[in-house]
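Presented sequentially are two complexes of chain A, the first with chain B as partner and the second with chain C.
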Partner chain A sequence: MSPEEQSEDIARVYRFLSQCMQYPDAEWMDEDFFNVFYSLLGTLGAVNDAVEIKKKIDQAEDPVEDLQVEYTRLFINGVPHVVAPPYGSVYMDKSLQGTFAGNTLAFYRDKGFAMEENADLPDHLIHELEFLSLLTLENDLPGEEEFLTKLFRPWYEKFHPRVTEGAHHPFYRVVVQLIDFFTKEEDKDGFQPNKA
Partner chain B sequence: MAFNLTRRKFLQTASLAAASVPLSKVVSANTGVTKAPLDPKGTAGDKTVVGGICEMCFWRCQLVGKVRDGRLMKLEGNPKSIDNGIKICARGNAGVKLLYDVDRLKYPMKNVGKRGAPKWKRISWKEALDECGSKLKSTVDNYGAQGICVFPHGASAKYPMHYFERAVGTHNVSEASFFQCRGIRDTAYVATIGKAPGEKVDMPNTKVLFFIGDHLGENVHVSHIKQYIQGLQNGAKLIVADPRFSASAAKADIWVQIKPGTDTAYMLAIMNYLVKNNKYNKAFVEDHTEGFEEFAEAIKGWSLEKAAKECDIPAAQIKEVAEMLAANAPHVAIHPGRHVSWHGNDFQRERALACLTGILGAYYVKGGWVPPKGPKVKGVSWAKEDHGHKYNLNFNHEEDEKIYSNPPPGTPTELIRDCAISGKPYPIKSCVVWGQNPMQTIPNQQKMKDLFNAMDFVMCVDVMPTDVTAWADILLPEASYLERYDYIKKGTQWDLSKEHQQYIAARMPLVPAMFERKDQVYITNEIAKRMGHAEKIPVRTIEEMVDKSLASANLSIEKLKAEDGIHIQPGKDPYGIPEDFSVILYNDDLEDSGHPPAPTYKPVPGNPKGFARLLYGRAPVHTFNRSQNNVWLNNAMPDNPVWVNDEVAAKLGIIDGDTVGFVNSEGVKSRTTTTVKVTPGIRKDCVYMYHGYGSANPLLTTGVGTGVDDQSLITKLAVDPETGCHGMRNNFVKLIKDGKVLDIPA
Partner chain C sequence: MQYGMIIDLERCVGCHACTIACRAEWEVPVPYQRNWVKRLGPTMTKDGMAATYYPGLCNHCDKPPCVDECPADLAEMTFKDAKTGKTKTMEVAATWKDPFDGTVQVDKERCLGCGACADACPYGARYVNPALADDNSDGKADKCTYCKPRIEEGLQPACVQTCITGARIFGDLTDPNSAVSKYVKNGAKGLEVKDGHIGPNSRYFGNKKDISLLFADYTPELADMGSVKRRAMMASMVKPAMRKAKDIGLLGLAGAMLVKGLSEDEKN
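Let's turn to the complex of A and B:
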């Protein structure tokens, strides 16, 4: 496989993970989506997770509404409180739109990217994964590594365990584990510690 | 969960190719991050945006925002302001943290759980508005317009409030700013001088400042504080009546440590002393008052000694106050107060303040009560319609008169709650809460919960999740004051003795609204369309509303922007008594309504044995529960220690910093605890705490459970007989330490 082909593959993974973090909607969260999702888990040897999610989805009267309620509780406004706002600044600056968000936007710009008018904040998990996807498509592997090290992992390591501990639905617990897997570099022995 | 591969291995093998291709088929084409031309580095794009009008409190200082990359970095006073100038208070500064508060409402949400124990689901605006429109319309169709009750607050609630009152036609609207705050003051002054007084005392140019419970310094409104401090700097004497050594009492020449609820007796004795000793302003009384003889006769029983006994203060001190006022009249500033819904006898106290100002001749003179002559700007809203009195709860149809003769605008809260809960005289089945938090502004929280449980539909619009939003079926996120157009602030230079100037400033967004937050005109209009009132909509957008309003002053949004956010024009001299001005010392209309025609002292309930009266007030860095969750402000004042008299504390075995809870005389316990502040600066029969703490809503991740919610302990209701407004300081508490309930020594 050529480096370009490999980059395209990685870019697809980032984009898919970004899609998983979109607010659930029946327009895209359909049978095809879940089949692809289960297939990816199968490739990774996480069949049990796929089975657990499938069971939950199949048993639900309205699986998308279940996930909407869960998404709202985990990432927007929840009771007793929002579990894990998906914005880097929340963890690094204890605020939305903090310095960390500014630094993230500056990194995008340095690399020749900008935010669309109707986009969420630059340090939203979705946009960071989109950016990683675009960066990878340009074969900017040093840029990808720098972004992951300086602007992604520092907050994601705080975000990830919150979701793992706070999730009621296995879908988001597995999605954040997938994101963790694809954004975390192994040490020299190929070992990828799982703090969550 | 663990994956059976390492990332590196997975990425380097054919597994990735096999797995990745299908992924691209299930992702949407658009991304929020896109390729763009390179931007130059640095701060070249930094902007100072004009047009901000603060709404961290109602004073509404004029602001500018320092904006970088679309982020609001800092707020400052607008250098062009002739009101607050470049100064803003701690709350004003902390607006940045409200704007970017993680807990803020971001999207419309539907409660798929229960009221009070919600499960939220984000929904589209269309779904939210369809649901609000159809549910409210169904209420009107089945029960009539009166089937909707509305609890509004703040600048953004005006437009929707007018919609429901005028176009829909319900009388059942209750604003906390009137019925639990200043309404009594306004109507008492209307009954005395024909107009609401505001806080329009000419403090910079006065010789004596006279406060009843006002605690400026803890109650911070920038230009008001500038006026106050300028007055003190110019040598004004300060007289403060307060059971507590407040920030103002600390600066006072005379601190009258009065027994709570007896202020009217104190003022009656002052006025009687002035009359009896010919120390009132005879010329003013002759020319500008009505009913002086009857008034003097009505208050003649109030000797210094009688008031001293009632108020638990020395007679000599009352005389000293009266002499100081007489010696400096008419240049005395009798402050009308702001939050005045204290004891259920408050209309009479406010009448006493207005009459005291009158017999001192302190209206329209330097240092007295002086309304500035501001510019005229016409408001734009829903057209007024006459909906009659048939469903007005404050109307006695048998007697053909109002139940409460002098209410503020709207319907007294208690009448609405009783009707909604009992269904009599008619059903109220939908509730609209807009910017108000009735769980913490209206006494008796259980009754509020009973109201919500009696509804078919509850909708809330707010910027933050508050204690009340947990009771909504549909919760809508509103753009904050930093993200929208709306309020037009107008006024004059802060010191009336300086060059006369007028200003007009319209609120303009300093940054665009984030997420899916919308303004009040959009939300109201969309609901109106769904309720069948499309043809009555007065403006299509909030910008149009502001522009139409500004046009009445030959201005526009664009013109204001070109003038750095504030238009300034020559002003007018505010001093000089208008020809038709009159102070009604003895009011026959009040007598006809069955109320005392002259200011009258009505004793308030005394402390039950073992209990202290619960007093509350403003914190300098908070606006009640509205700022509880603000990280900066919470850091500055995270909780509300309870003030306990040092001798009482010694007898109770309590020391400074102890943690205590409360139980009130009706057996209601506080949900949380707070610390004790032991001080000689409070009477033995009261305890005091700042209002607005101890929120019960866990969505407020910073403010939840910090300090004690005084409102949860205010369960005994007093209702002012003239106005129907609540009195909230007739509640009594004991302290609870280590699970033991402590009797307050007499």
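Let's turn to the complex of A and C:
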């Protein structure tokens, strides 16, 4: 596989994970989507995770609505409090849109990217994954490493266990584990399936 | 014995006959190459105005970084010294350095086509040939063999035979009387990596300014194999699922939140 082909596939993973973190909608979260998701887990040796999610999805009367409820509880507005806001500043500055968000935006701009008007805050997990996808497509490996080290991993390491511990649905528990796996410096132990 | 090749830049006229002979001899598909000629200069160097060529190929290094990266299972192989008939059995992956003639070779049957060796080569002398793909791989690693099959028949490498000016000289670097050894005594040197020692055995001879230009432009660095390996492993793992995602149009949905389009003014 050429370095360009490798970059394309890795960029697709970042983009796919970004998609997984979007608010669930039947328009994209359909059978095809789940088949790709299970296939990815299968190639990573996480068959048990795939089986657990599939069982939950297949048994649900309205699986997308279940995931909408879970998404809202985990990332938007839970009672008594949201489990894991997906913004870097929340973990690094203890506030929304802190200096960490500004630094993230500055990094995007330095690489020639801007936020669209209807976008969420720059340090939202979805945008950071999209940005990694774009950097990878440009074969900017040093940029990707720098972003991961300075602006992604520091907060993701605090966000990830909150989701793992607070999730009621296996889908998000596994999605955050996948993101962790693909953004870690060292992955010599391979993908570690979650303990159900 | 250590086979090596001298490239005499004083003789090279940049005609590319060597690259064409190599492509024809080994059916190297475009855009890959085992052998290349790059034009350098005219550029002012500290030794004066220089213009020359960089005819490159595998360096069959003393310590080839490509060999160490091959992840294929080890297999026992017996090597034979063509001169003395002596044999040596070693466990090797799908690429190795021959203990008798010092050339670096590939077993295409066992190659996984992962491209780790190509990533590790600081000279870009390896490629994964997609024309050789099979059920288990996207292709096979390939490179200059110093035309080993031709050498074994008593011939010269194709590039050496075809060179119209005799700018390529092939032989045993450990034989003090060989033409290549005499060139080394007269100052021919390999493009050693920056901050390392891998001992390239394809070596360059020329006037001071041309050599200075060549070494300034093409002294390579060793690849950071930590990140290269991680990348190759990740890509090969996710490929089937991600190509499926692309086929069903799933990957276009999330985008459009970050757009590239800042001018230099806006950045500042």
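Criterion: the second predicted complex is superposed on the first by the 186 of 196 C-alpha atoms of A that agree within 3 Å, B and C clash if a C-alpha of one lies under 4 Å from a C-alpha of the other, contacts with A are read in each partner's own complex, and residues count from 1 in each chain.
Here, a contact is a pair of C-beta atoms (placed from the backbone, for glycine too) under 8 Å apart; a residue touches a chain by one contact, two chains touch by 3 or more.
Keep in mind that this is a model prediction, so the values were computed, not measured.
Overlay on chain A: chain B and chain C clash in the combined arrangement. In the superposition on chain A, contact of A:130 is made with both chain B and chain C.
In the superposition on chain A, contact is made by A:177 with chain B only, not with chain C.
Touch criterion met: A:18 reaches chain B and chain C at once.
When the two structures are aligned on the shared chain, A:82 is found in touch with chain B, with no touch to chain C.
Within the superposed three-chain arrangement, the count of touched residues of chain A is higher for B, of the candidates chain B and chain C. Shared-chain residue A:114: touches chain B and chain C both. In the superposed model, A:6 lies in contact with both chain B and chain C.
In the superposition on chain A, contact of A:26 is made with neither chain B nor chain C. Residue contacts after overlaying the shared chain place A:141 against chain C, while chain B stays out of touching range.
When both complexes are overlaid on chain A, the residue A:40 reaches chain B and chain C alike.
With the complexes overlaid on chain A C-alpha atoms, the stretch of chain B that clashes with chain C is 7-15, out of 7-15, 331-339, 403-411 or 547-555. According to the touch criterion, the shared surface of chain A, contacted by chain B in one complex and chain C in the other, consists of residues 1, 5-6, 9-10, 12-13, 15-16, 18-19, 22, 28, 32-33, 36, 39-40, 43-44, 108-110, 112-116, 118-120, 126-127, 130-131, 134, 182, 185-186. Within the complex formed with chain A, the chain B residues making contact are 1-12, 14-28, 30-39, 41, 68-69, 71-72, 97, 99-107, 109, 112-113, 117-122, 465, 470, 514-515, 631, 698-701, 704.
Interface of chain A with chain B (complex): residues 1, 5-6, 8-10, 12-13, 15-16, 18-19, 22-23, 28, 32-33, 36, 39-40, 43-46, 48-49, 65, 68-69, 71-73, 76-82, 85, 87, 90, 94-98, 101-102, 105-106, 108-110, 112-116, 118-122, 124, 126-127, 130-131, 133-134, 173-174, 177, 181-182, 184-186, 190-192, 194. Chain contact summary for the complex, chain C toward chain A: residues 113-115, 119, 128, 138, 227, 230-246, 248, 250-251, 253-262, 266-267. The residues of chain A lying in touch with chain C in their complex are 1-3, 5-7, 9-10, 12-13, 15-16, 18-19, 22, 28, 32-33, 35-36, 39-40, 42-44, 108-110, 112-116, 118-120, 126-127, 130-131, 134, 141, 145, 182, 185-187.
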